Amino acid sequence: MTILIENGTVLSATGSSVHDVLVDGEKIAALVEHGSALTASIRADRVIDATGKYVIPGGVDVHTHMEMPFGGTQASDTFETGTRAAAWGGTTTIVDFVVQSHGQRVQDQVALWHRKAAGNCAVDYAFHQIIGDVNAESLKAMDELIGEGITSFKLFMAYPGVFLSSDGQIVQAMQAAARNGGLIMMHAENGSAIDVLVRQALASGHTRPYFHGTTRPWQTEQEATHRAAVLAELTGAPLYVVHVSAKQALARIAEARNAGLNVFGETCPQYLYLSLEDQLGAQGEKWRDFEGAKWVCSPPLRARAEGHQDELWKYIRTGAVTAVSTDHCPFCMKDQKEMGIGDFSRIPNGIGSVEHRMDLLYQGVVDGRISLQRWVDVCCTAPARMFGLYGRKGVIAPGADADIVVYDPAGHTSIGIGEGRVHHMNMDYSAWEGYEIAGRVDMVLSRGIVIKDSTGYVGTRGHGRFVARSLAQNLL
Amino acid sequence: MTILIENGTVLSATGSSVHDVLVDGEKIAALVEHGSALTASIRADRVIDATGKYVIPGGVDVHTHMEMPFGGTQASDTFETGTRAAAWGGTTTIVDFVVQSHGQRVQDQVALWHRKAAGNCAVDYAFHQIIGDVNAESLKAMDELIGEGITSFKLFMAYPGVFLSSDGQIVQAMQAAARNGGLIMMHAENGSAIDVLVRQALASGHTRPYFHGTTRPWQTEQEATHRAAVLAELTGAPLYVVHVSAKQALARIAEARNAGLNVFGETCPQYLYLSLEDQLGAQGEKWRDFEGAKWVCSPPLRARAEGHQDELWKYIRTGAVTAVSTDHCPFCMKDQKEMGIGDFSRIPNGIGSVEHRMDLLYQGVVDGRISLQRWVDVCCTAPARMFGLYGRKGVIAPGADADIVVYDPAGHTSIGIGEGRVHHMNMDYSAWEGYEIAGRVDMVLSRGIVIKDSTGYVGTRGHGRFVARSLAQNLL
Amino acid sequence: MTILIENGTVLSATGSSVHDVLVDGEKIAALVEHGSALTASIRADRVIDATGKYVIPGGVDVHTHMEMPFGGTQASDTFETGTRAAAWGGTTTIVDFVVQSHGQRVQDQVALWHRKAAGNCAVDYAFHQIIGDVNAESLKAMDELIGEGITSFKLFMAYPGVFLSSDGQIVQAMQAAARNGGLIMMHAENGSAIDVLVRQALASGHTRPYFHGTTRPWQTEQEATHRAAVLAELTGAPLYVVHVSAKQALARIAEARNAGLNVFGETCPQYLYLSLEDQLGAQGEKWRDFEGAKWVCSPPLRARAEGHQDELWKYIRTGAVTAVSTDHCPFCMKDQKEMGIGDFSRIPNGIGSVEHRMDLLYQGVVDGRISLQRWVDVCCTAPARMFGLYGRKGVIAPGADADIVVYDPAGHTSIGIGEGRVHHMNMDYSAWEGYEIAGRVDMVLSRGIVIKDSTGYVGTRGHGRFVARSLAQNLL
Amino acid sequence: MTILIENGTVLSATGSSVHDVLVDGEKIAALVEHGSALTASIRADRVIDATGKYVIPGGVDVHTHMEMPFGGTQASDTFETGTRAAAWGGTTTIVDFVVQSHGQRVQDQVALWHRKAAGNCAVDYAFHQIIGDVNAESLKAMDELIGEGITSFKLFMAYPGVFLSSDGQIVQAMQAAARNGGLIMMHAENGSAIDVLVRQALASGHTRPYFHGTTRPWQTEQEATHRAAVLAELTGAPLYVVHVSAKQALARIAEARNAGLNVFGETCPQYLYLSLEDQLGAQGEKWRDFEGAKWVCSPPLRARAEGHQDELWKYIRTGAVTAVSTDHCPFCMKDQKEMGIGDFSRIPNGIGSVEHRMDLLYQGVVDGRISLQRWVDVCCTAPARMFGLYGRKGVIAPGADADIVVYDPAGHTSIGIGEGRVHHMNMDYSAWEGYEIAGRVDMVLSRGIVIKDSTGYVGTRGHGRFVARSLAQNLL
């Protein structure tokens, strides 16, 4: 099967070029000047006219949590439903997290996650490993996982008793990464401080969702981010700070990068658009009632008045933000978020966005926030390089997997679960209800197969395969 | 005429990919997976085996001064000899400076420079415009030049009475650039302060070349760089600071970039390898005699002991340095540099490096200073984007000019005019005598023509053409 | 004549202490524990009960321009009227500026200023020297003036053709100061850039006072401040940046201080309280008509919305601001400010505040902005140390001049020319009309003589004497 | 009893003044101009001629650990021997630490410390409280202690299981301080990370004293310092970081201060003079044998090659260092330090310096590092203000305690236990052996009693009294 995508504006992280893209089987076989002699010689099984449209590498979302266990329930998207929603939105690779909590064996969990995903996914997937319990056995497992294509290890400075690593444990895991070439990912919030603030808030009767945000102030994120960066310098490990929401935390990342350290930052669409004030109520009520739970995630949404969003967009431009992922971790309001009625600390943390990332960031282009190149870079190319996928993913080049999105700048997307809106994640609400995007995902190919076209999702469960990753390809 | 470059490791600013490159006439016609069905169908006139070699975009040197008038003499390379040397070294595009001094008309000078270059060049060339006299007429000319493909304008904060613009003049030129989309390039040294230090040194009998460096201390560069960045912020103009040599100046550029400003930095190989101490003498003599004149350039070489070089390499990694150019401005010792015997201030300023840039920076890869991707980016892709050449130059993509270098990492290059060494610039000495490079420029194509192969230079005078440039393509 | 000031709370830059102060003739003879045996033995000619009041060193205002020539007119306060107003306000020493413009001889001007002041002043006075024309003769004069007690030299980066020194001239003057121990004071605004903006504004019909502020944007102050600091580092001269109004400029001063440089900052009450918006008009008119001229000074008042004032107060707390002076340079609206009707650039620059500085800064204590200690330090002690007056002025200690203010925290001061308000400067308006201060200058002694008491000013013209100053006493 | 100290140069934090000081009983009764009528009337019981000498406030050492329990032994100086040594060296007030470890009751420990000190001290003493176990009871005790004159609370980020507070505990203690006005003191080293490094070093056979330093790298201090500063910002508590040794940590303190936070830094003489290299061995042995234990303290001595000392002196000049204390915690080599033979982690941590602080810092004046004013400030005045002693201690003013040192700049002090050297601390070695000081403590008064004169120590055990302290007097 060959497909010729004709005359599109092919975007990369550095620029654009109008030419044809030839897909042969699962791979990109050639990039050919449109109308050239060689093009004329090609007899493709299918021709897609991309005139006036952008042709970009399939989106790479390096931060998802499909069917993740959380406090007796689990994230509402399975690998099946979640990757299907990703496909709708132009994301053709996800990197999900295998979870090792205190007391669990890493390799058992890896096997479990392989079982969860295998045969269910609409698009390709890879794994990071959460090391929730740094000990001799899990440190040894880190070395093994490198050989199994799981080359990044997430640690937590929050969630004492569940995931939190002490600084001594972090040092040991970082030493392992410095030795085996792996990448340390960090959830950088000071959980010890936060837990005190949470207890105090609850004791004061501040139980509504809004207080989730006020009990995780930006200082706790700035502090932990700096701590992680210093420990990375101490040990020589490369560091990728996930889901940065506070400008002060990003300033510390920018500072470390200027010092020449391999420190990288990630942010998510929710921190670019949504804000703590959304969880406040209208006039007359002091704060929004339980509806605010829709936007409970960690780190929390920051106060708009403090100016984080402008700074986050700025840092996407300047490169302190390497990648924009979703931290997709959806829960329904019914039965799930509702677990936290009367106690915000019991609300499952997470927002579902895997479907909307490419659109939401494209809107940043339309709004003059970022260039087309940065859009492609932070959504596709840079995450692929950061996580050892580049060459197969994140780039349109001969030999690469034919993961391709045709994006229509003349299209339009209305997000939400309302009439005429787009939402395919397994949730009973949308955190993005009412967002309007001046563009549209037109067509999506995953390894040479069209999985989304103008009629909608046309892919197959189980098409998506596990991708073993190499080491980071963008270290300074 | 078609050429197939087979099986090379094609490098870009973001990664590498092994595939074939098909050249058809002046352009790149296709990138094709090696060994694919499509490759098999291609009957190229010439096949170049690039197995085990790097295939990269032709080098883009955005800072040269061919046959530039200077104090009664002129730079010793003409457009003919200089671009031929560039070809030897894998540089397929130069951007040279049209000079308008006080009292001259811009358009007259543009016409003069076109006459100098036309029909003489081995590789393609473009022009920046030096605005040495900011006035109503030259401001108007800036608008005109945008339409003529000269989209960048260099101002000087040094050389009072010749090139120096007052801050008020800089503001006016920057306002013009903010309006017409042009790019302001800045020679950022505080000439007013420097001139006092030079006069004082000469009056004290400090006349040897070494004192060229001591009378242009890093503070004068840091200061001017900051001043330029602040005026750019004031006016909204994008700013590219040329030939940065001091770490303190680059720190100011990094600071401006972090603030989200369109401020860019350039450095040159001489600042990465050579140092002020090279102009000091051996033990027994207080400072090296007139031989130090070989390395007289402005800004001067900095003191190795102050640690500039490590910081400059670091800033190449972190992106505060956007491009590495040569500031190629060669003069012979005989009759030219010798004008400054007894008075360092009369030594023509400049070092010849246009031939060696690609090699010297590749050595940085070998030495573990930068990645292959940064090598390609700062030497080829980023300068092309910065100066509106990308698409035609700086990238290997269908439709781009077939400016291609095959670089052999298993080769070796000995630089210098001695026996068995490489040096094709029109100079009677090499500033780089004795430098050994663990790599070699194997083959060079310019717009589809092989102009350098294993036998040496095989190009033609006049093959190179003027390239009209668009506006900067990498603004934040 | 002996005076005993009993039982006051004596404040210093480091703390407070309740005790008696004995004045004998012109000097402070002793500080004595109240109620001690020694106190009992003292038979003073006059006893002042300071119970419940602050006893502080007389104010030292190191930046005044009495009867300064400006564009055909002169500042409306003479040494007589200006120092009398100072006395009213608790300032017992002023340091005024001898003006040397382009083409004038320094020593002629010094003699002229001595003639203006001698026999006219209500309080003691000293001189700085403005070097408006740096040349061999004025550089030599700098050395001479050190011996004559004029140990600080003000340069201008603004006002081309009148006062502006080129950077080369600044370097030379700084070299002289580094050699002779003098202090360089700098008016740090980029005059070359400003003049362009002013010409453009006027050409656009933007002629009202408000545009004085918009044509001197903060960037021009930040830039010049950094430039001055870097040239100070280059030459080794200590630097005192006068009348800093922009937070960005103070940030550069703080940065230099952290690097260990002898760089000092001054601000003025107008920058702490007044703002550019005061020159805007009410709704209906786009900007306030000519009344805005009341607040035309240079640097201009900054936009309140940009948050300068909070930062300036902060920098008073942190020490980046060494002294708060007035830059007292009053002009009447009638005939003087009115010279600029239709052309803001002709409005004489200046605000009159010499009378209100102690009160306005005390209000900062009441408002919780600064501590009592910082009040005394920035108004009295630190300026005395900075300018070689400490020991005689700025401190309450045996042997010091008996310049003492009794300040009543239970008092109240209404500033302005309206009914029941306080204003003794020779102006037909007050820039501070309506300001209310929760404190009051109760009594003022100058060299042992009560010159202001509850009945008002009771001093004598000519009591004030010239004070020869030593070198700076607070260098790092 | 009255004492007149005649004609000395009385130094303060802001300047100097030659005058007489009259002591009456325990207090300073008056400062009187020398040779004045009032002086003539004074009939003092004793007259001390201080001509040509400095008269300064008695030294205030706010960081000592007399007879502190440590790993089964205790610091070798008792309150008796330690305060006697302090008296020898011109320190007339110490602030020692009451120790509450995990599981102990604060008030029990306070009572115990009062018993240890009462009746034994040569000079006045006060207490800080170490809160090693933050819990409901100790938080309550913090409020009580404020009323008992113990107004500062030290927390530890090091020594897990003994003193370390979790970040959540730190937040709670800081909240208490923000509420009750107390000052948080912080031992800022990341103990969790350090413990891992220590275990690894010991497991590698790196057991000698030198490895104490290498296992506490500067990053662990920088990190903890930043963490403490951010938590202080979060809670609103004032913060005083004790014994800062790394320039990177002080840079964070300077940064916080510039932001207007009440963050203060302390350093100690050992960090200004001694270095990690002192613990390395001579050529032939890889590192110095157990003798290096003499200089084992925490934080450790830093590598001279990294340039910490110049930066520490600089920060004393700029004010980022508020006070210089000793962290006096002496142990003998015999039986005490020797506990760590074969395992550096068992070496009791500490250096004895309480006797030499005034001299060692005065040497900084002689060496041109700091001014006389900064000497007095960081040794006497600023620590008194920081810890609520000012007025009684730290200043020469009527009503203040007559704690006075006559310091002879023409004297000389040879430190050490060798022949002709000075050392009165209860140790079998001196960490300062061979240090030569160009000055000498001539005479020391404590509350009006001469306790050290040219014959040596002439004081009395038990003269020293507990001083209840007020809140900090120098907050921004």
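The first chain written gets the first letter, and so on, giving A, B, C and D; residue counts start at 1 in each chain.
Going forward, contacts are C-beta pairs under 8 Å (C-beta built on N, C-alpha and C of every residue); 3 or more make two chains touch, one makes a residue touch a chain.
From a predicted model like this one, the values you see are computed outputs, not experimental measurements.
Enquirer: What is the set of chains touching both chain B and chain C?
Expert: none
Enquirer: Can you tell me which chain lies farthest from chain A, using the average of the Cα atoms as each chain's centre?
Expert: C
Enquirer: Based only on mean CA positions, could you tell me how far chain C sits from chain D in angstrom?
Expert: Computed value for the inter-centroid distance: 39 Å.
Enquirer: Round to the nearest whole Å and give the separation of the Cα centres of chain B and chain D.
Expert: It comes to 57 Å between the two C-alpha centres.
Enquirer: Taking each chain's centre as the mean of its CA atoms, how far is chain A from chain D in angstrom?
Expert: Computed value for the inter-centroid distance: 51 Å.
Enquirer: In chain C, which residues are in touch with two or more of the other chains?
Expert: none
Enquirer: Can you check the complex and tell me which residues of chain A touch chain D?
Expert: Answer in residue numbers: 166-168, 170-172, 190, 192-193, 195-197, 217, 219-220, 222-223, 226-227, 230-231, 233-234.
Enquirer: Give every residue of chain A touching chain B within the complex, in rising order.
Expert: Contact set of chain A toward chain B: 10, 12-20, 22, 24, 27-34, 36-38, 41-42, 254, 257-258, 260, 314, 317-320, 371, 373, 381, 385, 390-391, 395, 397-400, 473-476.
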